[in-house]
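Which chain is which? They are A, B, C, D, E and F, in the order written, and residues in each are numbered from 1.
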Amino acid sequence: MNNCIVAFCCEHSAYPAADLAGKLKLHYPENLRIIRVPCAGRVDLIHILKAFEKGAAAVMVMGCEGGACHHMTGNTRTKERVKYCNLLLREIEADGRLVAMFNLSPNAPHKFVGAVNEITKRIKESGR
Amino acid sequence: MATPFRKILKTKDFVVTAEAAPVKGSNVSKAIEHIELLKDKVDGLNVTDNQSSVMRYPSLGVCLLVKEHGGEPVLQVTCRDRNRLAIQADLLFAYSRGVDNVLCLTGDSIDVGDHKEAKQVFDLDSVQLIHLIHTLNSGQDMAGNELDGNIDFCIGTTATPSADPLEPQLIKVEKKLAAGVEFIQTQAVYELDELKRFVEFVRKMDDKVKILGGIVPVIGAKMAAYMNDNVPGVFIPQHLIDELAQTPKGTGVAKGIEIAARMIRQMREEKICDGVHIMFIGREEKVPDILEAAGLL
Amino acid sequence: MIIAERKPMDEIKRMLAPYKKVLVAGCGTCVTVCWAGGEKEVAILASQLRLARSAEHNEISIFEASVERQCEREMVAEIKDKVTEVEAVISLACGAGVQTMSEMFEDKPVFPGVNTTFIGMPEKEGLWVEMCGACGDCFLDRTGGICPIVRCAKGLLNGPCGGTRKGGKCEIDPDKDCAWVLIYRRLEKQGRLDLMRNYYAPKNYRAVKRPGRIQAAKA
Amino acid sequence: MNKESNNVLVVGAGISGIASALELANSGINVYLLEKEAVIGGHSASFCCKATDVCSQCSACVVPDKIKETVSHPQIRLLTNSTIRRLSGELGNFRVTITQKLQYIDQERCIACGLCTEVCPTDPKAIHPSFAEATPFSYVLDEELCLRFKGEKCDLCRKGCPTKAIKFKGESKEQELSVGALIVATGFDVFDARKKGSLGYGRYPNVLTGLDLEQIFTREGCLKLPASGVEPRNIAFIQCVGSRDEDHDYCSHVCCKYAMKLSGLIKYHNPDARVTIFYIDLQTAGKGFAQFYEEYKENIRFVRGVPVEILQTASGELEVRFEDISQGKVCRDTFELVVLSVGISPSKESWDLARTLGINLSDNGFFAERDSMNTNETNIDGIFIAGTCQGPKDIPDSIAHGIAAASKARQVLTESASQRQGNQGRH
Amino acid sequence: MTVALSELDTKFKYDVASEPGGENIKVCFACGLCTASCPVADIDQKFNPRRIIRKVLLGMRKEVLSSDTIWFCIQCYNCQAHCPQNVDFADIVKALRNMAVREGYVDPSFVKKIREIDVFCQKLRHEMVVAVVGSRSQGTEGKPSELAAEALKSL
Amino acid sequence: METKIGVFICNCSGTLNNIDFDAVVKKVVELPGVTSIKFISPLCLEEGKKKMLSCIREENIEKVVVAACSPEFKEHVFREVLENAGLNGHLFSMANIKEQCSWVHEGDVTGKVVELIKMAVSRTRLLQPVKMNNFSVNREVLVVGGGFEAINAALQLSRAGLRTTLLEREAVLGTGTTELENLCGFDINAMVMEVKGDENIEILAPAEVIETSGKIGDFNVRIRKGGEEISRKYGALVIATGYQTKLALESKLKSDVNIVSQEKLCHMLEDPELRIRPRTIGFMLDFADENSRLPTLATLNNALAAKRKWGSEVYVFCKNVKVDSERIERLYQEARDCGVMFLKSDVSPKVAAENGKIKIEAKDIFLGEDINLTCDVLVAEECLLPAEETEALSSILNIRRDSRGFYQDENVHLYPVASEKKGIFFIGGCRGNLDLSRVLTDVSSVVVSIYKLLSSGNILAEVERVKVDPQKCVACLTCIRICPHNAIQLVRVDGGKEVAEICDLACEACGICAAMCPAKAITFQGYRDEEILAQVETIGES
């Protein structure tokens, strides 16, 4: 998938934030592919790794702010999972920073765009 | 020639022993220096066995040096590094060379030492070790085989009067007493009330065993805090840490000696216990200062 | 239950370096429960391996399979076909599973993908603690059901060492309870403290003749 | 049961009205949700998320969710641009006449594409998003700006609309609803900070209100001065502007919380920023707030004593004069931005509405509850109040109060229905 | 110095409250707006309206009535304009001054002196303002007194 | 035969002008499974929906993909169309080509649009229907607690027609509410009488909960009452165990001086036989516990009462006065007007006993000087803490508490009265909500919430949207331990093997369990691994 960014977006926060970014016509890189999930907690390591296998440049997992998850612990568990995924990537000498968890609220379109820009910056830095 | 330790325990009002830590390496001159300095000022020199799981010159080796230089050695034997065969063999050797006082300990965990990846043995525990030495004294080895030659060790062990919770420790002491020991050397104590309570407890079971209070001088608040966090079985109360914290810079050692001497005096004057065991590791040359300040010289 | 944990990737990569067709084999029992070798872990390892090898431009083709118990020949036989197709197997089962596989497929190298660590139980999700040393001479009747042989850092049989920390914590880890303090409390609660006062002679460490072997008398 | 008597009219689609409506609708009651604006959500929909690394429990993120649920709920009928004209009848059988202003923009059809704004010739634009920062997102027409209302024949937006959602012809509609009970949830007005002339709001561009700041954060994603676009590094909050004074002898409940949370947010975006909060009494009570306060009290400068006057210096900085009470000294300090923590005032329309419905106002201008044990009930059976129209509340309290009003309404409806049935049985 | 509350005159606040203008003194919640708005406090930190009220409330009768500071007030009523609780500090000062005279803390002639100072200051200010405003419009109305001219120079 | 997928594309009335829709149609038509592709705009309005409906019917479409705007606001609109056409609403995906594509990128985005539709199609091919079902529920409610809020809740629940059990640890109801009663002027005894006379309310006192299991609509509660253990079934649980107060005092203070609690002061104020009226009273407030509003209310009330009844000199030492509660600002004003003195200080005053009196030393910030006060009575500061049984009960219920130990996790979505476990609610003091109007609001909220759930006797819910494959489940208990809604439990399949089972009523469909299951035994319709990975794998294919 030649250098796409795959973003798993929680339907309670990141997904509406992305919609709002659209409504405000805030622009961000075209290589972003959003996959809607019911909670960041649904995102599993294998989803992230498969995305990399398919050639994703980076994977973002986006959920609610800590303490505002509709399912209490979904975002915190996934944060840990993403941290472990960093390790798995580092183990194979890949840039662990290319998988990252972002927390935002549904009314934070700027934060959404900021996160996409941040990961784009990381991709550039890691030289892909 | 030094007086045998067993005799001292029986006759002397207030027994004083000190710890001699073996060197790291084959150069034993420093150890000999300490032995020379202390051998006539104390009733026994207690030699540690890979203390804190840090590999060193063997306890038995230094014990032989003590013997050579006219002191009275106490051999420490831990259960950590040797299985029952090795321990018995070492003891036979020790006894044959005149080292006839043994202090039985469990030993610190490998984890606190400098060879963290070693396999720790603990084939026996300290209570079993005491039983083992009695077996040797009776002329048999652990497997029940007759031994050639007479063996008669004077057996001591350790205890932690300030443990929290205390009860499990006391049960273990009970077992050690039941196994039969002639002296108990306590871990460093800083609250004499705790020591008193401990002695009372022991006396109820056995009024003959001699109890030597453990003295480890602390020379600074930081060291005290470090010991509390890192040295197993040591509990330094806050009031002492505060006292140390208030001493001016550079006078820590003097303060440590002062506190140690104060405690020894109190132990002796109030007949809290039968003696002291001074552990001033790395500053063995200061032990005479403590003894002097405590009025024991 | 047997507890295991995934080996570091470096080690796995090294073992599999010469091969281009590999089977990642999971086991559906203990190692699944302890999150080390179930279907999910198989998929993760496979994916990670593919990524690693493609980064090195040394593509690898990986099969994934799990059986219910890798320590059973009959169950392992189910994936025989897959094994035939590959050059090597990396097993995420415990040591018993790895050896069963090796034995069944003698012509194929079977590598351990996990380190088998101990027999334990979960304290909470994702945290397992050692409970049993499989010494073959169970001592639990005397210690209130708490094993001092593995749960005491020194395996002492006659009470705590002198190094117990404040509050009854273990000498080597302030987060762990001293097993003997636990035993004391348990026995006290049961009114059986006399058990702790008994002297226990040195343990028979040959209760199980290694390698262990048990023939059921009933059979 | 008489079907119409089982309907409820919720007046005001702010967060407490929405909470009432959802709760009633979910327990099987038909709800009319009346809103005088074109969009629902009220003030709460324009609040920004104040999370730093962790959620600051401001509850702003709860609002979009609830709006979404309301919009798609089959048992809620939304009546936007509408107000109440008349009320008659009694509990179980109210007749309400409502006026619905001409919907210039059909909300059903509007797809928020923004083409109309692009073609609108006025400046500022007469047709624009309701508020850019909120979900749902729809467009409104401002009669005061639109050229058509000044007699011109402009037709650009109507022609440009791809879904034909804009119309100018037609009239206000009047319709009568039959409902069993009413819940009044008309919310609050933000205190008009212009009334405190010495603080310079409206005169100095860098004196803002807390609400302004919320909107800057949602619009820009960070704090920028509206005039210059610069990120200020030295910010002051002034508490109790329009609270706890002669005209407002109550505490507004929300200002200490939002000031502190916004301060936290500013510090999060820019750890070097210096934030000062001038206060009389800090209101630190509330679930989850204590932790937050503990965390931030180290980094935020709290000054006991509120400023009397703000002067803009030649360089555009704001000089604030106050007494630092802890030192007993009159001090001057300059800031790049001063935020007035404006309080909650009774809605301007509440007096009229109170007259229309016959319900009482309390002496501070909010709707009066029946007694301290019944904060949802009014002097009229079957008319309930919910949210900030009864007194200041934060989002969680407004939601709770809204739900409680729904509970009361449901209860009286069932009771009055069973009574009627009982009566019928006797006849 | 520690103030022992139990030894103070707790009646004092009621006394002040019963004077005309002092009615609301007790509701002061010490927000500091009076002091912040006070032109005198601005130039002399010894004068602090909020603290004077505080002292009255705590009952520091002697200290307040014998203090110099109650005579500093220029009766500009800024404090009253800003007070959110309707405490009339300027009027309270009047009350305190009356009480100070009545209770013999100051001589009535002293009050007269203060009044003269006020009149003088007003006159001086008036002349200065007239002079400044006049010079701006190049009017010729009246010349400032020497004192006012001197004072203007120093500005 | 592959299922027939219909793709409906909308250009939002021409606002998506950077897409070449002809090219899109050409590409999409080639996708496997797509049997029909329609370009209808605007699709979401009546005319569009009608066309969509007839197309589904005419072309026997079985699954639907809509490429248009965001599913956030339109998903329910299109689902309705599917259901009207007789299809299961879950056999549907949306490709967001508007907000997340056309509007956020400049230039031609046709390629991305094709890819987004491909992703949606590949997901849709795998989708399976999810049925709805009516689950019957128990209509009885258990209220734990015997204080003001518990009694109130029981009465209102009973009025709403739900049978209610009131379970209280103490032998009598309504204890420990004196303070609140005095402050708020209600008559607890009348309420207790009412509860006792209510046929719909059963009282168990003294009794305690010792074990709970089950889920919403079907909780099993084991109760110990007078040495006996009984088992009951309830549809919902309301926890109203209240709070406790603790005096924040230096332990050294002797009891021979008059340091009292607010409650004690109330009793003194009401005691007709009190011989000596305290001349000077000190109150302490807001130093040890800055979270609570109730102590302020109590202080203001009692200070006023003491002032009025005894004419005492009253001094209140505090950091801040908590006025963010109804009527308190006025009460505060009234107190000041009556002559109550408020002394503010940032640090806790020193308290010492002196000649049978209490000496308080502090700095009065307002005066700017150190002060001291000798008083006859000191009303000590009270910290409000969770009631004693809170911790035990929370572990029985397996429910999280907030950072101060009160019930209800600090999660914004749980307010006002919900717990993370459906069917368990908290009200009043036990969740740290400590003033009358908020407590009353809680009571009303909980009543309507429970009414909504239980009144009809059944709940409509999705069937097995998330489910465990009993064949694959190794009963590792991971899901049971991590489910944030406590919706999973261990059951025996046909009396044999133990496996995890998800309760459809309690499940909130978050998928955390599906992500954590080490045996991959949990599937979540619509978000199965296959469906997610199908999207991942489609990315970048074009």
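Keep in mind that, in the parts below, a contact is a pair of C-beta atoms (placed from the backbone, for glycine too) under 8 Å apart; a residue touches a chain by one contact, two chains touch by 3 or more.
All values derive from a computational prediction rather than experimental measurement.
A.B. asks: Touching both chain B and chain C, which chains are there?
C.D. replies: Under the touch definition, chain B and chain C have no mutual neighbours whatsoever.
A.B. asks: Among the chains, which has its CA centre at the largest distance from chain B's?
C.D. replies: It is E.
A.B. asks: Based only on mean CA positions, could you tell me how far chain A sits from chain F in angstrom?
C.D. replies: About 28 Å, centre to centre.
A.B. asks: Where the CA atoms of chain C average out and where those of chain D average out, how many Å apart are those spots?
C.D. replies: Comparing mean C-alpha positions, chain D is 59 Å from chain C.
A.B. asks: Between chain A and chain D, what is the gap in Å from one C-alpha centre to the other?
C.D. replies: Using C-alpha averages as centres, the distance is 33 Å.
A.B. asks: From the C-alpha centre of chain A to that of chain E, how far is it in Å?
C.D. replies: Taking the mean C-alpha position of each chain, the two centres sit 65 Å apart.
A.B. asks: For chain F, what residues touch not just one other chain but two or more?
C.D. replies: Where chain F meets two or more other chains at a single residue, that happens at 72, 333, 344, 366, 368, 410, 412-413, 482, 516.
A.B. asks: Mind pulling the chain A residues that touch 2 or more other chains?
C.D. replies: Touching at least two other chains: 16, 19-20, 23, 25, 44, 46, 50, 67-68.
A.B. asks: Check the chains against each other and report every pair that touches.
C.D. replies: A-C, A-D, A-F, B-C, C-F, D-E, D-F, E-F
A.B. asks: Give the list of chain A residues in touch with chain D in this complex.
C.D. replies: The touching residues are 12-13, 16, 19-20, 23-25, 64-68, 103-111, 113-114.
A.B. asks: Touching residues of chain C toward chain F in the complex: what are they?
C.D. replies: Touch residues, chain C against chain F: 28-29, 32-35, 38-41, 43, 122, 124-125.
A.B. asks: Which positions of chain D touch chain A when the two form their complex?
C.D. replies: For this pair, the touching residues of chain D are 47-49, 51, 53-55, 57, 60-61, 63-65, 68, 112, 114, 129, 132-135, 137, 218, 220-222, 288.
A.B. asks: Looking at the complex, which residues from chain F come into contact with chain D?
C.D. replies: 12-15, 42, 44-45, 69, 72-73, 76-77, 156, 159-161, 184-186, 290-293, 319-330, 333, 344, 346, 365-366, 368, 402-404, 406, 408, 410, 412-413, 415-417, 431-433, 436-438, 440-445, 447-449, 451-452, 455-456
A.B. asks: Considering the complex alone, what residue numbers of chain F touch chain A?
C.D. replies: It comes out as residues 70-72, 96, 98-101, 103-106, 109, 112, 115-116, 119, 400, 409-413, 420, 482, 484-485, 508-512, 514-516, 524, 527, 529, 532-533, 535-537, 539-541.
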